[in-house]
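Please see the structure below; I have some questions.
When the chains are written out, they are named A, B and C in that same order, and each has its own residue count from 1.
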Amino acid sequence: MSSQAKPVGGPAIYNRFTRYLAIFLGIWVLILLYRFLTGIGTVSGLTDGYPWGVWIAFDVVTGTALGCGGYAIAILCYILNKGKYHPLVRPAILTSALGYSMAALAIVFDVGRWWGIWRIPLGGFPDMGKYNWDSALLEVALCVMAYVGVLWIELGPAFLEKWKATSKKQGLVKFADIGLKFYDKALIWIIALGLLLPTMHQSSLGTLMLVAGKKLHPLWYTGWIPLLFLISCIGMGYAVVVWEAGVSSSVFKRDRHDAMLTSLSGAMVVVLALFLILRFADLIYSGKTTMMFSSGFYSVVFWIEIALFAIPMVMLMRGKDRANFATMMRASILIMFAGAMYRFDAYIVAFNPGKNWSYFPTVPEMVITLGTVALEVYLYIVIVKRYPILSGARAVQVRELEGRA
Amino acid sequence: MGWRDDRYGVPLGSPRDEGVDRRDFVKVCMMAAAAVGLPASAGLKMAEAAEAGLKPSVIWLHFQECTGCTESLLRTSHPGLAELILDLVSLDYHETLFAAAGYQIEEALEQAMTENDGKFICVVEGSIPTKDDGIYCKIGGRTAIDLLQEVGPRAGAVIAIGSCASWGGVQSADPNPTGAVGAPEILEGIPVVTLPGCPANPYNFLGTALQYATFGTLPALDDKNRPLVAYGRVIHDQCPRRAHFDAGRFVRQYGDEGHRLGWCLFAMGCKGPETHANCSVLDYGEIPNCWPIGIGHPCFGCTEKGIGFTKPLHQEAALPENAYPPIFPDHRSSAGAAAAGVAGLVGGAVIGAGLMASKKIAEGGSEEESS
Amino acid sequence: MTMDRRTLLKGVAAAGAGAAVSAATPAEASSVRPTAPPDAVGMLYDATRCIGCRACVTACKTANDLPGNIYDPPNDLDGTTKNIIKLYEEDGEKSFMKQQCMHCIDPGCVNACMIGAFKKREFGIVTWDIHRCIGCRYCQVACPYNIPKFQWDTALPKIVKCELCTHIITDPETGGLREGALPGCVQACPKEAVIFGKYDDLLADARQRVADHPEQYYPAGDPQIFGDTEGGGTQVLYLAGVDFEKLGLPELGDEGVAVEGRNIQHGIYKGFIAPVALYGILGAVLWRNRRVAKKEGSDE
């Protein structure tokens, strides 16, 4: 499958914007070094009561959910679009690939004995092949590892196209040619994997918190949590695609494909509605109706969460509103916050290990999180400028862009 | 007094007993002062006052007692303190030490009280029986209650020495057949300094008596009128074996390895945690470690009413509860202004930038737009 | 994009399959309730006998080679403390509380550990394997008693918790129990407030104590043995004279915390059937869509 995508061109590694990212990333590296040399406790607010904090709740859980743009787009494009490739797919896959890679990076600096991570897919070493299939976290880890690979493989055509078109090395051109032919045949099986894997692990990220038992507040503890996580992640994926389309089109002068996004919005109203219906049905059926109002602080948090899901649903209900790109973007912000808040609540806010424990991230901890975001943005810019990811450029503007220092 | 060589343990009244060094005399005064927490300068003053003949008059009453407290005072061994006691205080009435007896000694008592009315120190040794109008202790035909109620109110200060005089002592042990009580219960309304112990440490007595004699004041007392400086802490808090307690090294049987290594006697029923006294820091008879725990026997709480002669020897003491972690130790961390600030900033920036950008981008559409 | 009926049906079918794969049915009660292994060992702690001397705290440190300063003792379990004595005193009630791993019969930590570093081994003892642990701390999330502790301030952290002094009580060659060997805390206790033995014997002992002195234990009259059924049962049993919740033992149902999540995971992923099936369906749908698209001659 070829595309109309083209590299944006222009200086990537160090330009007017990325220089600031580079400085921030320099600080980030230093803090990370300190963390690796002195331990997690010295840079973060994590404690035995709250062993999982912002690095898990945001970088891993929310970060991968935001990285479900590729997943959301793939469901709608490949399943419902007659398999026709759509220009929105490749940038979404890139965002996903980077998002999941950053989540994997976050895992490396969050876990205490990171040098053993390679043992997970082996089932241990040297005592290999022993997998604890009871563990939801094992499933999440294996799926995420596989999915990171799948995403970069799905991006393969972008790299191969560029190498085939512009490389001076004969060998590389031939390799690219063979590769692209392979993709022609095999891509659908890779895409199918890219649809299966997030379904599995995004829901299991919810199942993870069931082992917390009574430590998780009953308004969030439910056997339906995997489905709620999955549904909300699809919504978040869509929101990221809208944003990615909007920002890229503005910054890099690309088509925005409003029509496709508008029809996606219609599907998202359904997704948000499903989430809310399931959430309320489960709570009412489990006899927790009064609890929604009588839990003090937790009630407030709960209703804010519900509002963040309900408001964008209402915003996108009318066809007129869906066609308005500004409305779509604003609704998308709310959906992203809704999904993020739902995850933060399940992992941190509604998690109560017992009396006299509390958690708030420290400044270095937050800098480390922001650094992964900065790195993701940085890599996105570099790749988008050098490889054919975005499509629909207007020639004049591209030349102007490339003429800019 | 002339300067002499150090003499050690010269028996009372022996041919060689020609008095003692001044150095030793001053040393004793210092020790007595230290026993009540007074500085060395006070000790010196005490010595000077004694040399100048300003000796307090002491009237010493004996009731239901074993005379152990007197003996303990006399058994201080270095230097021979017997004479020193007689030089530091004017012992105007003492049944054990006086040569006189009968009507003579009763006249001596009357004379001493008249001469020093309102100024003498009345020392009470032994408990006072109260059952059957106190007939179980009579001296010269008069009950202990009568005697005490006559002498006590005329004293400048009343000191009850020993547990018997302080609260009843061994006589008051169940079933207390004589109804024995301590001096404070007989002299209601009159402040009685109590120096419990079985026997009381002589230096606690000396210090208290000399402070009164020299300065006219009594040491600070607790709610049972015991000098705080001696009885303010429990044995457990000043015990040389405390490290063994804290580390969980307990003697389980007399003669076992732990016993031979000097481990904690708590499991053997040591009442140290419940007993106020300074036995571990103020040696008896000036011999280091000369006290029950020092020789390997658990403290039985001789100073403490309700413990000594009441709780069985090998029954465990109640431990003081201090410094135990609570069930939910406080592990909370405050957000910190900087962290909260950064979080707020980031959150606000994301929302703000998002709203601004959506407006800008939407307006821009697919048309040319400068970013 | 127009959506014809066929495409819509295909989409719904795929979505339905996806939902079926991830649908979490509310957990049914586990049909097979985990029980303690027949040779299970454990401890019985009777808070009414404990005098709070803390000999067990020091003994644990010695037995497990843990650093510690008795003059600045720990106030909770932590990265160098596997056993602690705490005091509850309020409203005239008083009780000491010994805290260490409960060696649950259906442990949350064992279920959670993705690398199998936590295992319920011989005699039902829950142990931690330094050669496998990644330090992800999911075990800390899972434990309802908040027992596993992490070493936060070192570059090479471990997870630290009581392992019933396996290295003392078992013989590495035979794998059996050493005759007369006791965990450090049990050895040190001067009042036998904590005792070690076969789980069945300890449970019987606890039941006997409760039968003999029902007024001495909580709730008076019909005392409860904590660990008998709580959280799926624990091999360390507790008797106390005050409410267990006041001693920091959480109120738990009869099932282990692992049950619900395990039922969902097993329900969905049993034999990998559902994921493989979904993969097949997705692949087929995509393949068919692509063929349709090629046939319709749409440009790519």
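Following the convention adopted for this analysis, contacts are C-beta pairs under 8 Å (C-beta built on N, C-alpha and C of every residue); 3 or more make two chains touch, one makes a residue touch a chain.
No experiment lies behind these values; they were computed from the predicted model shown.
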item: Identifier of the chain whose CA centre is least distant from the whole-structure CA centre; value: C
item: Per Cα centroids, the chain farthest from chain C; value: B
item: Geometric centre distance via CA averages, chain C-chain A, whole Å; value: 31
item: Mean-CA-position distance for chain C and chain B (Å); value: 52
item: Computed distance of Cα centres, chain B from chain A, in Å; value: 73
item: Two or more partner chains touched - positions in chain A; value: 47-49, 354
item: Touching two or more other chains - residue numbers and ranges from chain B; value: 328-329, 331
item: Chain C: positions in contact with at least two other chains; value: 248
item: Touching residues on chain C, where the partner in the complex is chain B; value: 51-59, 70-71, 73-76, 84-89, 94, 96-97, 188, 190, 246-248
item: Sites on chain A touched by chain C in the complex; value: 1-3, 36-42, 46-49, 51-52, 75, 78-85, 107, 110-114, 116-117, 119-120, 123-124, 127, 130-141, 188-189, 191-193, 195-196, 199-200, 203-204, 206-215, 222-227, 230, 259-260, 263, 351, 353-354
item: Contact set on chain A toward chain B in their complex; value: 45, 47-49, 246-247, 249-251, 253, 255-256, 258, 324-326, 329-330, 333, 337, 354-363, 366, 370, 397
item: Partner chain A, residues of chain C touching it in the complex; value: 1, 3, 7-8, 10-11, 14-15, 18-19, 21-27, 77-78, 108, 110-116, 131-138, 140-142, 144, 146, 149-157, 248, 250-252, 257-258, 260-262, 264-266, 269, 275, 278-279, 282-283, 285-287, 289-293, 296, 298, 300
item: Chain B residues within the chain C interface of the complex; value: 245-250, 252, 266-267, 316, 319, 321, 323-329, 331
